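Below is one structure; the comments refer to it alone.
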Amino acid sequence: MRRNISLVIGIVLLSGLVLFVGIGHIVVDTSKSRALSAPAMKPPSFQYPFGTDRQGRDLLAVMVAGTPLTLRIGFIAGFLGVGVGAILGFVSAYYRGKVDVIIRGIADIGLTVPGLLVLIIIAVSIKEGLTVDQMAIIVASLAWLNPTRTIRAQVLSLRERGYVEVARLSGMSGPEIIFKEMMPNLLPYLAATLVNTVSNAILASIGLEVLGLGPIESPTLGMTLYWVNYNAALLNGWWWWWTAPIVIILVVFLGLFFLTVGLDEIANPRLRRAV
Amino acid sequence: MTTLLEARHVTKIFGGGLFDRNSIVALEGFSMAIDGDRPSITAVVGESGSGKTTLARLLLGLVTPTRGQVLYKGRDLQRMAHADWRAFRRDVQVIFQDPYEVYNPFYRVDHVLTTPVSKFKLASSKAEARALIEDVLKAVGLRSEETLGRFPHQLSGGQRQRVMVARALLLRPRLILADEPVSMVDASLRASILGSLRNMNLELGISIMYITHDLATAYQISENIVVLYRGSVAEAGDVELVVKHPQHPYTQLLISSIPLASAERTWTTETVVGPAGLQAAGSAGCKFADRCPFATSPCLQAAPPLFQTNRYRAVSCYLYQSAPALSVEEMVKAFAEPAKLSRVGSSGTPMTA
Amino acid sequence: MKADVLRVQGLQVHYHTPLGAVKAADNISFSLKADERLGFAGESGSGKSTMALAILRMIKPPGQIEAGEVWLDGLNLMTLSEEEMRQVRLARIALVPQGSMNSLNPVTRIKEQIADALTDHGVRMSKRQVEERVRDLLQSVGLRPEVANMFPHELSGGMKQRACIAIAISLHPKVIIADEPTSALDVVVQKQVMETLARVQKDLEASVILVGHDMGVVAQFVDRLGVMYAGKLVEVSPVRDIFTKPLHPYTQMLIASLPSLEQKGTFQGIPGLPPLLRDLPPGCAFHPRCPYAFDRCQTEEPLSREARPNCWAACHLLS
């Protein structure tokens, strides 16, 4: 544990957040996260520890209810993105040839297009109100591009390894080699990529929400910031309104960042104990 | 005589096309047939850049030839059906040089033994599989309680290599290609590993192709030898003849450069031959001509064919042009045991840069 | 009787691992005379590279030189400060390290790398003098003057190794330590590089310590040969004696395990495995594999003694 401080910090931060949400759900009345459930524009007090916003939402309830929603978008998009990216990356790198050219081409072109722009266009074209899960799918639609490239690069070097050749000579088929020989060695790397992708997905979703393109009804962190913006909370001096979501977003990102660094240390063979 | 595995006029060029200056001709016009009836031990000897590793990979089907064919029981590897490939993988096995790289660090060493057992259905029950594995481990001098259940990094290099030999033995192949099997193993352990290979040949009738740069070990365990230089055969034949009375200037150079572990100073002669220049792809003529103290103008114009100077030896050098030449079409026995050899002579297309 | 240029006494190097202290080099003592070539042969884990590095005080943690003295021309290297030792390295005792051809800076020309070595040691020379020295050095190792302007990737393996030798001798040291200088090279190139080393030694009137696992290479080059096993020096004798009348059983069996080009079927390995350095057997480290072991070998570690003039071995059979 002492060897991987980053991992510890990351886990501590994220666990803290989970505790906050967990205890919060028991202690706090989350129905108060809806509009008009509390007196508006109250600064933090004993009754409303995070204060209330202009539409009468109890901000503590908003945070407790909204954080898991934001995280959920991130995780769904992250898992989808890495899942698809891993499959494409493995197939592309192991089989090479035309398959590789096509997949790589799509990923490369996709990466040059400004992601946020595409997401905005998609979000805008959906006429009816967005749900949280629909947000996740939208963000996932682009989240697989980078993992495909990076996982492909890792597999490209793995497939030259002696043990892959021996497996081939022992009669293993392509998919078998991918799953049984290469995948286990890539697990730490995949985990690090997953955390990274989740992080990016959360960022993208918050970005969309701040622009007002998110699920309007939901008290997600990004939507809260949208309302902050809409009501010019900064200029009006309602500091408690934007402090809470920003602090929580900070904790999320710092936690994920340290987790990534920690997992990266595990994944990087140079830092592993020598054979 | 049935041929088990055969290379027919195989050429392999890496990087770029036939006339690309940056391409490397790893192997040129190489032919060799391995008899399926009588087991043999043949050594393929060469330094780095000789093409010996490329040859191994071509024969295993891990690499496709630029020209020529590799045939397994008469069938071209590139055109074989899946069923044929399975039979091929059972009949032809390999031992690689690096005893570290060939193990997946995620699994215990049992994995390299259990995988072929299950893939090739060598046993019908777990107990039978276990017995089979213990047998082969014993055959290479390992104790299963010291070996099984361990991770690769817990065994020494020599032990790991012996497990690889055991693995090759599991499948009872007809031919084992051993590519530098002991060069990364300590000197005191080499003898036992090479001894295992020798026993597999003598007792189980498995043919061995021993690929190495180490002439001394090649001499010790092989019957016949092929000396490669820059992708072409310099000399081939009975190992006693080639090593004790080398005829090709390159073979002579090679043997005189070997430091003997003895009180006698054999390294006394200053090396007469110049250093190898960087390879000029596609130049005609004998590959050794630029370093050869006996080179004359015919040597620079066309590569010499193999001249059979003895019933059991052939040399690719114009110094011996009075001896009968081995032509392309007929494969003549130059070996003491039935591995056959021929190569594309000067009648093959000389490559121009 | 030529004077001793280098004298190593009781050198002890331990590696401190979480699983215990590993005795990589245990009580090594020997002397090197002027103009002499001394070789150390041994398999992996025998401690020969560790010993070579220890003489130059280049052991890095978790390794540590626990004890011992290294006398270079009357100066105990172990007592010097780090700065003084830096001055001694290369100027008086130089190392051609293992895999040195891969330690050349890939983005610097050869002449700059040699010049760096010179200036690092405070040698003050004008630009032209440096160029001249570089040219001389390259010539002494048999490289053409054009090589000075080349990058390492433009040179072959043998040429790179000779460039490394040129760097090593740039300050005319009296002792050259070569640690597996030819292990990655082909046999023909290997001979050329060793010939270069021999020529360089003669020109400089220096002494050479050659460390290697290939008994043949070491035997053909050196005057005296030391055999190492499990971190200990088990035998040191002139080459002729080592091969005609080896004293230590390990030496005998090691020689028997080498394949010859004279006769087939003559080589056989040593049964068993070399011991784990952190878990050495009591008494003589070789006794589990020794066909002549008797009860004393299992309890008491043998001391090195002079069984014949100038032939030293550590074995109870000799007492």
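Lettered A, B and C in written order, each chain numbered from 1.
Definition applied: contacts are C-beta pairs under 8 Å (C-beta built on N, C-alpha and C of every residue); 3 or more make two chains touch, one makes a residue touch a chain.
Since we're looking at a predicted model, the values are computed, not measured.
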| item | value |
| --- | --- |
| Chains touching both chain A and chain C, listed by label | B |
| Most widely separated chain from chain B, with each centre as the mean of CA atoms | A |
| Chain pair showing more contacts of the two, B-C and A-B | B-C |
| Whole-Å separation of chain centres (CA-atom averages), chain A against chain C | 56 |
| Intercentroid distance (Cα basis), chain C paired with chain B, Å | 33 |
| Distance between chain centroids, defined by C-alpha means - chain A, chain B (Å) | 53 |
| Contacts with two or more other chains, residues of chain C listed in rising order | none |
| Interface residues, chain C side, partner chain B - complex | 43-44, 156, 158-159, 186-192, 194-195, 213-217, 219-221, 239-240, 242-244, 253-255, 257-261, 264-271, 273-274 |
| Chain C partner contacts - residues on chain B that touch it in the complex | 47-48, 156-159, 186-192, 195, 213-217, 219-220, 240, 243, 253-255, 257-263, 265-267, 270-271, 273, 275-276, 278 |
| In the complex, chain A residues that touch chain B | 161-163, 165-172, 181, 184-185, 275 |
| Partner chain A, residues of chain B touching it in the complex | 60, 62, 86, 89, 93-94, 96, 98, 100-107, 112, 115-116, 119-120, 152-153 |
